[in-house]
Amino acid sequence: MWSNACSSGQLKKGIMKNLVRGWIAIVLLIFGTAMSTMKVKRVIFFGDSITEAAVKPGGYITRIADALAKKGLGDQYELIGAGIGGNKVYDLYLRMDDDVLAKNPEIVFIFIGVNDVWHKTSFGTGTDADKFERFYTAIIKKLQARNIRVILCTPAVIGEKTDYSNQQDGDMNRYSQIVRNLAAKYSCELVDLRQRFLAYNLKNNPENKESGILTLDRVHLNDQGNQLVADEMLEALLK
Amino acid sequence: MWSNACSSGQLKKGIMKNLVRGWIAIVLLIFGTAMSTMKVKRVIFFGDSITEAAVKPGGYITRIADALAKKGLGDQYELIGAGIGGNKVYDLYLRMDDDVLAKNPEIVFIFIGVNDVWHKTSFGTGTDADKFERFYTAIIKKLQARNIRVILCTPAVIGEKTDYSNQQDGDMNRYSQIVRNLAAKYSCELVDLRQRFLAYNLKNNPENKESGILTLDRVHLNDQGNQLVADEMLEALLK
Amino acid sequence: MWSNACSSGQLKKGIMKNLVRGWIAIVLLIFGTAMSTMKVKRVIFFGDSITEAAVKPGGYITRIADALAKKGLGDQYELIGAGIGGNKVYDLYLRMDDDVLAKNPEIVFIFIGVNDVWHKTSFGTGTDADKFERFYTAIIKKLQARNIRVILCTPAVIGEKTDYSNQQDGDMNRYSQIVRNLAAKYSCELVDLRQRFLAYNLKNNPENKESGILTLDRVHLNDQGNQLVADEMLEALLK
Amino acid sequence: MWSNACSSGQLKKGIMKNLVRGWIAIVLLIFGTAMSTMKVKRVIFFGDSITEAAVKPGGYITRIADALAKKGLGDQYELIGAGIGGNKVYDLYLRMDDDVLAKNPEIVFIFIGVNDVWHKTSFGTGTDADKFERFYTAIIKKLQARNIRVILCTPAVIGEKTDYSNQQDGDMNRYSQIVRNLAAKYSCELVDLRQRFLAYNLKNNPENKESGILTLDRVHLNDQGNQLVADEMLEALLK
C-alpha cells in the first residue's frame, strides 16, 4: 500500500511548472533503504497530458510505484514523470536535453502521438506522418547513444468505439504502426497500448461507447485506464 | 454489348458544363424502341466526382447501361449522371431542384460523402457529422415527398488499406453508419459500397496497398472499381 | 425607455429551443396600439450565435426595439431573432423556409460568415469561399423572389487586433468582400460591420487587444458591440 | 556578371538529394583567389522550398553571389543554400546540427514560416504560434552560443493581394511579428521581407492580384521576387 511504501521509504516530489501550455510534474519516488547498496534505476516517463496526470494519486505512474513497493522492489526504482499537456513528438525532442538526458535515466518510456493526430482537425497543427517518424527516430537514437533502455508505447485512443468509427482511428492506427515499426527497427521494447485498449474495449464496451470504459473523455485515462497502462508498463519494465 | 445497344436503340447525350468547380455531365441513355408502350424509368445518379466520371466509357453508369442492354432491359431505363467534382452533401441539396427534381426521375441513387470527410484536412472545409445527417435527411425527404424511389450508397474509400489505417477510416466508417441508419429510418434501399469495397480488398489486396485495387488514386475508381459499383447498383436497381 | 415601451405597448416572447446545437430564440416585439391601422413591418434577423444572443436584455435586437420605441416607431416594427449557434451560410439556406419564409417578413437582415471562416481550423469544417458565395446568392434570390427587402451584413470580427494579425483576418476580409460584392450585384443594402468594427477599434483599441473592446471573447458582442451593431442596423432599417 | 564571376573565381556545387519530401541543394560559391590571405566568411541560408530554389540560376542566393562578385567581394564570402521544401521551424531545429553547425558558418540567415502557417489548412499540420516562437528561439540560442551572427527574415507572402484578404494574412502578420520580436529580444538583425513585399505590392500591384508580381504562385519567387530578396539580404549582410 502507498502509506506503507511511504513510511518504509522516502518520497521526494519536485514540481516544475511550465506556464506556457501546461505544467510538468516530476515526482521522484525513491523507495530506497539506508543499507541498500544496489544501484537505483531511474525511469523517466516521457509524454503528453496523459503522462502529466500520471503522477497524481491514481495515475499510472503512481500505480506503478505502488506495485513496485508491494513487490518489495520499491528501493530499486526511481520513477520520474515528464509529461506536458499538448506535447507532440517534436516537443519531446525540443525538451529532451533538459527533461530527460540531464537526469541520466537508465530507462525511458516514450508515450506520445495523440496530439500529433488530434490537433490536425482541432487546431490545424498536427504532425505529418513522415515527420512523426523522423522526430521519433531522432529521440530514440539520442537515447540509445547514451545506452538508455528505450521502451516505446503506441498512442492508445481518441475515442473508445470498437468499430473503427472514431474520427481519428485511421491516423491512430497509422501512427501506431509507425511506432511498432520503429520498435522493431531499433530493437526497442514495445508496449502496444493501442492494441491492448482495443482488446479491452472489445470485451468491456458492448455498447460501443465513445468514452467511460478506459477514458474519461475519449483520451484521458480513468481509473481502469490508468490501471491498464500501469499493468502493461510494469510488465515491460520488469521483463 | 454497347454497340448493339446503340444500334438497336437511341443515345442522347447532353453535357452541361459547370465552370466554377468542375463540370456535370448528364448523359441520357434511352434504349427505347418505336413500338414500346411501357414507361421508361428515369434513374438519376446524384453525387460527386466519382459519379461525374461514371458516364465516360468504362464508368459505372456506362457499365450499368451496358448490362441493362445485355439483359434486354435497355428500353426500360433512362440513366442520368448528375455528379459534380468536389460536391459535399449540402451541394447536392443546393442543386437538387435543378439537377434532380426538374427531371422527374422515378429512381435516385445518392452517392456522396467522400468530400465531406476528405476536405476536413485538405482544405479545412469538410462537413460536421451532425450536419451531414441533417442535409442528407432533407434530400431524402424532398425526394420521397415526390414518391421517388431513393437508393442510398455509403461512401466507398479514401485509401484501400484493410487494417483501418487509412487516415480518414474513422470518419468514413462513422459517416457510412449515418447513411446506413438513414436508410433504415426512411426505408430506403442501401448499397453498402464501403462494406463491399472492404470485403473485396480483404480478398484482393494482400499487400495492404493504398490504391490500385479498386481505385486509381485512393478515391477515384479504376475498371475493377467501376465494375464493382455497377454490379452492386444494378442489383439494387432490379430488386 | 424599455419600461415605457412595455407599458404603452405589448411584448410577446416566444422561445423555441433547439436542443441539438444551440437554441433559437424568437422574440416578437410588437409595440402596436389599439387604434393603429398601419401595417406592422416584420423584420427577421437571420444569423448565428451572435444573433441568437441578440434577443436577450442588452442584445442588439433588444436595443433596436428599444430605440424604435423611443422614436415612437415601436408600433410599426415587429422584430424576430432567427439566430442559431454554429450556423454557417448553408445552414441558413437549409432552414430558411421554416425560419424565414414561413413568417412572411418584409425585411430580412442576413448576418453570417464567422463560422464559415472560423471552423476551418477549429473543426476542419469551414466553408469554401466559392460555396459561401453560392449559398449566399441562393438565399438572396429566394428572398428577393418574394419581394422581401434584404439587408446584408459583413461578418464583424474574429479577434479585435487592428494590425491585421488576427489569425482569420485574411479570410474575414475576403468573405466580407464577397458580401459587399453580392450587395452591389443584387442591389441589397449593406451594413458593413467589418469596416465599422475596424474603424471603431482603430480609435478605441490603442493597445491592440484581441478582445474586450466590442467583443467578450474575440467574436461575441459585449455591450459596446451590441450597441454598435444596433446603431448600424437601425440606420439601415430606417433609411 | 555571373560568367565573369565564374571566370575569376571558382564555383563548387554540391547537391544532396533528400528523397522523402524534397531535395536540398547546397551550392558553395567560393570566389577566393590563390593569394588571398583574408578569412572567407561562410554564410548559410537556412529555410524552406523558397531557399531550396534560391541556388538555381536566377535564385536569390545566386543573385547575391553575383552582386558580391560585381563589388569585388566575391573572394570574401562563401554562400551555402540549406533549404528543404516543406520545412517548418521545427524541421530546421531537427537538422541544424548537420546542415548548419557542422559547417561552422560565420553568418546564418533564417528564413522560415510560410509552411508553419500554410499547412494549417492544406494538411492540418501547421505550427502553433507559441511553438513557432519556442523552436525559433531555440535555433537562435544555439547559433548565438557559437558566436554565429544570426539574421532573421520574416516570412514574405502567401498571396500578394494588398488589402489583407489573402487567406493566411492574419497568421502571416502574427508570425512575422513573432520574428520581429525575437530579433529585438536577441539583438539579431532583421530582414523584414513581409513588410518589404507589401510595400512593393502597394506600388506595383494596382489590380490586387494574388500572384505574378513577386511570386509565381502566391508563395515561390519569380525574378522580381528573387531580386528583391537578394537586395534586402545583401544590404543586411554588408551592414
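Note that the chains take the letters A, B, C and D in the order they are written out, and that residue 1 is the start of every chain.
Everything that follows uses one rule, which is that contacts are C-beta pairs under 8 Å (C-beta built on N, C-alpha and C of every residue); 3 or more make two chains touch, one makes a residue touch a chain.
Note that the coordinates shown come from a computational prediction; the quantities given were computed from them, not determined experimentally.
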Subunit B on subunit C, rotation in degrees - Cα superposition, rounded to nearest 5: 180
Let me spell it out: compute each chain's centre from its C-alpha atoms, then which one is farthest from subunit A's centre? C
What whole-number Å value describes the gap between the mean CA coordinates of subunit B and subunit C? 39
Between the Cα centroids of subunit C and subunit D the separation in whole angstrom comes to 45
So, in whole Å, the Cα centroid of subunit B is separated from that of subunit D by 48
Counting only residues that touch at least 2 other chains, which ones in subunit B make the list? 120-121, 123-124
The subunit B residues in contact with subunit A across the complex are 120-121, 124, 159, 163-174, 177
Give every residue of subunit A touching subunit C within the complex, in rising order. 120-124
Subunit D contacts subunit A in the complex at 20-21, 90-91, 93-94, 119-121, 123-128, 130-131, 134-135, 138
